[in-house]
Amino acid sequence: MAERTWGVYLSGEIHSDWRERIEAGTREAGLPVDFSAPVTDHAASDDAGTGTLGEESTPFWRDHMGAGVNAIRTQTLIRAADIVVVRFGDKYRQWNAAFDAGFAAALDKPVITLHDTELDHALKEVDRAAEATARTAEQVVDVLRYVIRGELP
Amino acid sequence: MAERTWGVYLSGEIHSDWRERIEAGTREAGLPVDFSAPVTDHAASDDAGTGTLGEESTPFWRDHMGAGVNAIRTQTLIRAADIVVVRFGDKYRQWNAAFDAGFAAALDKPVITLHDTELDHALKEVDRAAEATARTAEQVVDVLRYVIRGELP
Amino acid sequence: MAERTWGVYLSGEIHSDWRERIEAGTREAGLPVDFSAPVTDHAASDDAGTGTLGEESTPFWRDHMGAGVNAIRTQTLIRAADIVVVRFGDKYRQWNAAFDAGFAAALDKPVITLHDTELDHALKEVDRAAEATARTAEQVVDVLRYVIRGELP
Amino acid sequence: MAERTWGVYLSGEIHSDWRERIEAGTREAGLPVDFSAPVTDHAASDDAGTGTLGEESTPFWRDHMGAGVNAIRTQTLIRAADIVVVRFGDKYRQWNAAFDAGFAAALDKPVITLHDTELDHALKEVDRAAEATARTAEQVVDVLRYVIRGELP
Amino acid sequence: MAERTWGVYLSGEIHSDWRERIEAGTREAGLPVDFSAPVTDHAASDDAGTGTLGEESTPFWRDHMGAGVNAIRTQTLIRAADIVVVRFGDKYRQWNAAFDAGFAAALDKPVITLHDTELDHALKEVDRAAEATARTAEQVVDVLRYVIRGELP
Amino acid sequence: MAERTWGVYLSGEIHSDWRERIEAGTREAGLPVDFSAPVTDHAASDDAGTGTLGEESTPFWRDHMGAGVNAIRTQTLIRAADIVVVRFGDKYRQWNAAFDAGFAAALDKPVITLHDTELDHALKEVDRAAEATARTAEQVVDVLRYVIRGELP
Amino acid sequence: MAERTWGVYLSGEIHSDWRERIEAGTREAGLPVDFSAPVTDHAASDDAGTGTLGEESTPFWRDHMGAGVNAIRTQTLIRAADIVVVRFGDKYRQWNAAFDAGFAAALDKPVITLHDTELDHALKEVDRAAEATARTAEQVVDVLRYVIRGELP
Amino acid sequence: MAERTWGVYLSGEIHSDWRERIEAGTREAGLPVDFSAPVTDHAASDDAGTGTLGEESTPFWRDHMGAGVNAIRTQTLIRAADIVVVRFGDKYRQWNAAFDAGFAAALDKPVITLHDTELDHALKEVDRAAEATARTAEQVVDVLRYVIRGELP
């Protein structure tokens, strides 16, 4: 069977190296995956509106402009993805990660959540809407390998 | 013009009286609104799975069962609603509120967010996907009155 | 055959009495139609955001807030309608009328445009996406009577 | 991450060089974008129907035929695009630009509007349905660079 | 079980009494059905455009106007129906009946065709897209009775 | 909050009294539910085609005709339902029950499966696509009571 | 602008050389078009079912089997096409052509009809749902050239 | 006409060589087909959850985890396919095959079933939702050859 390229969107936490670990593991396993993600440079992401469309002094509208520009990227890439991985870390509120999970679920995209067990109760609705809940980036790679190649570790 | 009944789903925080205030204000204004909401009894919501489908000792699966039963209610009511109001309070992580917002946005339901200004930056993606951000339950009633009747306070 | 109630959304010009004439003619003909429309009080419509959600001094954001609140009404009613009538008058730019026409067309709602012949060339794309182009409110009533009852004037 | 090619449809004004400036800026930045647009040769666009399907003497039907042929192009390209940029100039009524914006919004395509501030009030509904409002072609390029590469100017 | 009202659209031939026979049989059986149909007055249907929107001397455009007005009715009623019955008689080309069948099939509406065996080969694609092919109006009533009540004649 | 009526489709096994038990329990609990189901009279269901559309001697086509007529009922009612309950008994292959589950899942209808534990492994894909797996008709009633009223037994 | 390849499905009459003329004209013009079509070998098309799935003596079921196999091809290719051209000749009833037109219209595919003026009145509903009505294969090529390149003959 | 590559998903029985026979026959015929399928290694499929996401001792949840991971693969590939072939063998209950058929049918994918005549009555609803019912893998190849090339054996 010819091997298709899978599109995987990596949503959520931007302050740890989980994306790099998934990408490295996937590359090592030789899996045909095109990854996509939001802009993960926190400062650039915060300036996405004012840095492109011009100054804005009110914090709410400054954020509004930035979130609009970021949404052009994130919603397009989520719609184009086959699978959406959503990572919740232990810092920050990460409401945009949960928003992405709801957005992906409503679009019938399979979701994989990635978080520690201590967040389980708080994330129960999100996990229920997901097809899999992983604890480590390596487990996400294992799921991708199985999904794409049918191989277990 | 005949007056239609509007369906409004009230998602999010379950530990303050914002739903009651919106419902009271709407009733007082005589607006034709059918409200719906998740189960807001925290204990019942946590027991939704084991209380109906039988015991489960592992916390993760106990939550999973409960979230499944709750999702039958919440996703059906969100799909049936015209407008989804999402309230973020100052306690708890409220990822299910953000999940609902993403779910509603992907289904093209107009969203109204309701939260204090101190949460603005953390909620910027959610607010951007909303048609309005209110600070008080009374403002939500004012928006509903305008949307339904065209009247300003 | 039982008579269904038809939902008709009246989009566009708010400075003439075309809506009243269509509604009067429809009532006179005894047609089962529920009309809906944007808020047609120009001042209220302009204040829709600040009048409900609080002050905003920058004109762009003031309009942005107002347009968001108005969109909750207009997009919900257009989605709920069977037929969308779009009126273009001879004053103002009326881009929101053309926007509504495009929105309705993409949702597969039958559109009836209503405007004078002098606007024909400028409106050719909008007219092409419509099922009918009327010149008078009375013609719209005639179309509705035929569509609902099969009767010609 | 592999770089995807983004499809960007450029709708609206055909009497200034804004498309060329966006395309030049995008090329200069090395961004992977496939642009599409309506036929921008005004005379050809007006003759699209009679020039292909045969003569028609009544102006209304002549426009109708032309708009039908143009719609085959524009609606196909808008459906195929990731992002729709809509430009409003200071001349003409440009109702087809607003129609395209409504059409794109209903199809959940992210919209970027491009116009001067003096049109803000008249375009408030269209701008509200957009993810970003730019004032110059260069700002649109900046948005595209950020959306695609995550880089700010 | 509460009895729902079923919506049944009767498309096709307008020169025989098949609609009346289905309606009479359904009424006699006491089935909860709301029937809908195109305008079956041939002359009125042909004048639907010029009779409502004004004169037009070119036959093609005269038909075009009429077909547009008729489409407002037919496409709305087909979208609102649960079941679409399509009747092919032995006269006329009845391309609009086949068009309706294709339209209904693409919208996932169950289709019942009604025609004599001598048309079988010519209608094989249409019959294949249907859930049932009946030969008499009485058989259509029998199908409706079974579908609604589970009762066989 | 006004109480909506919930539509629940009961798919699957027709040789035990599980439907009656769910309906009785729901009635006893005073829940606002409209139940729907396939025709559960086995003989009538097998004769659905030949009993309405005329004789057919080849068993395959006889079944084909019957399944078409049954599909008009089942697919319409599943599309109209809020919730789909799918029961697997211990006899027969019940492929149509599994087909209904897949059909409902693809339409984003919440599914509740109902079967004994000994079928768990064979039904794992179906159960995974469901929001809840119940073991008794009474548990289904408990889920409905919770989903509709928020009350636990 | 990069040139996209357009998918054009050629539905309808199989007893004249209109497809070859459109393909030749398109090739001559150097247009990037991938054409698709039903199987145009009449005998093969009639045997599509029995020639692949085994014998069947009853004409109705023989046609039914054939139409099912043909539908796998035609419905897949219509869904995959950008534009659907539907040709009506002067022989045969060609109900499958009208069916395809309805199917394509409901899927929001732009339709171009191709037929002589003497069929205008009988085809008025189909023509109304089309974006263009051509009289010759050469006109279809002209439309495609304009749609793809913006060039008039 | 340029030859497109067809995507064919092979669902169902994993204990016979029907997939290999279809693939071999297709290759031999030189047909441009990309096949996809669930993971057909029974042991790996059963361990899909625990083998990637960690241990789980309760059989129900072990299956639940596995089915979730398998669903990421199967539902993505079914959505991406043009045609879904569903094979029912004479062993096991194969409810997932029937589930896939229902899932594919609701997504408007053409389905081809493949099974012996002795299963006909039990599979009548599934066969009715299919475009073709084949008895041998070779017949499936014949259908694919006809669908893609228009050639009969």
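All chains are identified by letter, namely A, B, C, D, E, F, G and H, in their written order; residue positions are counted from 1 within each chain.
Please note the rule applied: a residue touches a chain if its C-beta (ideal position, glycine included) is under 8 Å from a C-beta of that chain, and two chains touch if they have at least 3 such contacts.
Since the model is a prediction, treat every value here as computed from it, not as a measurement.
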item	value
Graph distance between subunit C and subunit H, where chains that touch are linked	2
Identity of the chain that, by mean CA position, is farthest from subunit F	D
Higher-contact pair (C-beta pairs counted), F-H versus G-H	F-H
Superposition of subunit C upon subunit E: rotation angle, C-alpha, nearest 5 degrees	90
Between subunit D and subunit G, centroid-to-centroid distance (C-alpha), Å	30
Centre-of-Cα separation between subunit D and subunit C, whole angstrom	24
Residue numbers of subunit A (touch at least two other chains)	68, 71, 108, 133
Complex contact set, residues of subunit H against subunit B	58, 61
Subunit G contact footprint on subunit D (complex, rising order)	23, 34-37, 39-41, 44, 47-49, 51-54, 65, 68-69, 71-73, 75-76, 79-80
For the subunit G and subunit E complex, residues of the former touching the latter	59-60, 63-64, 66-68, 70-71, 74, 88, 92-107, 117, 119-129, 133
Interfacial residue positions of subunit F with respect to subunit B in the complex	1-2, 4, 6, 82-83, 108, 110, 112, 130-135, 139, 142-143, 145-148, 150-153
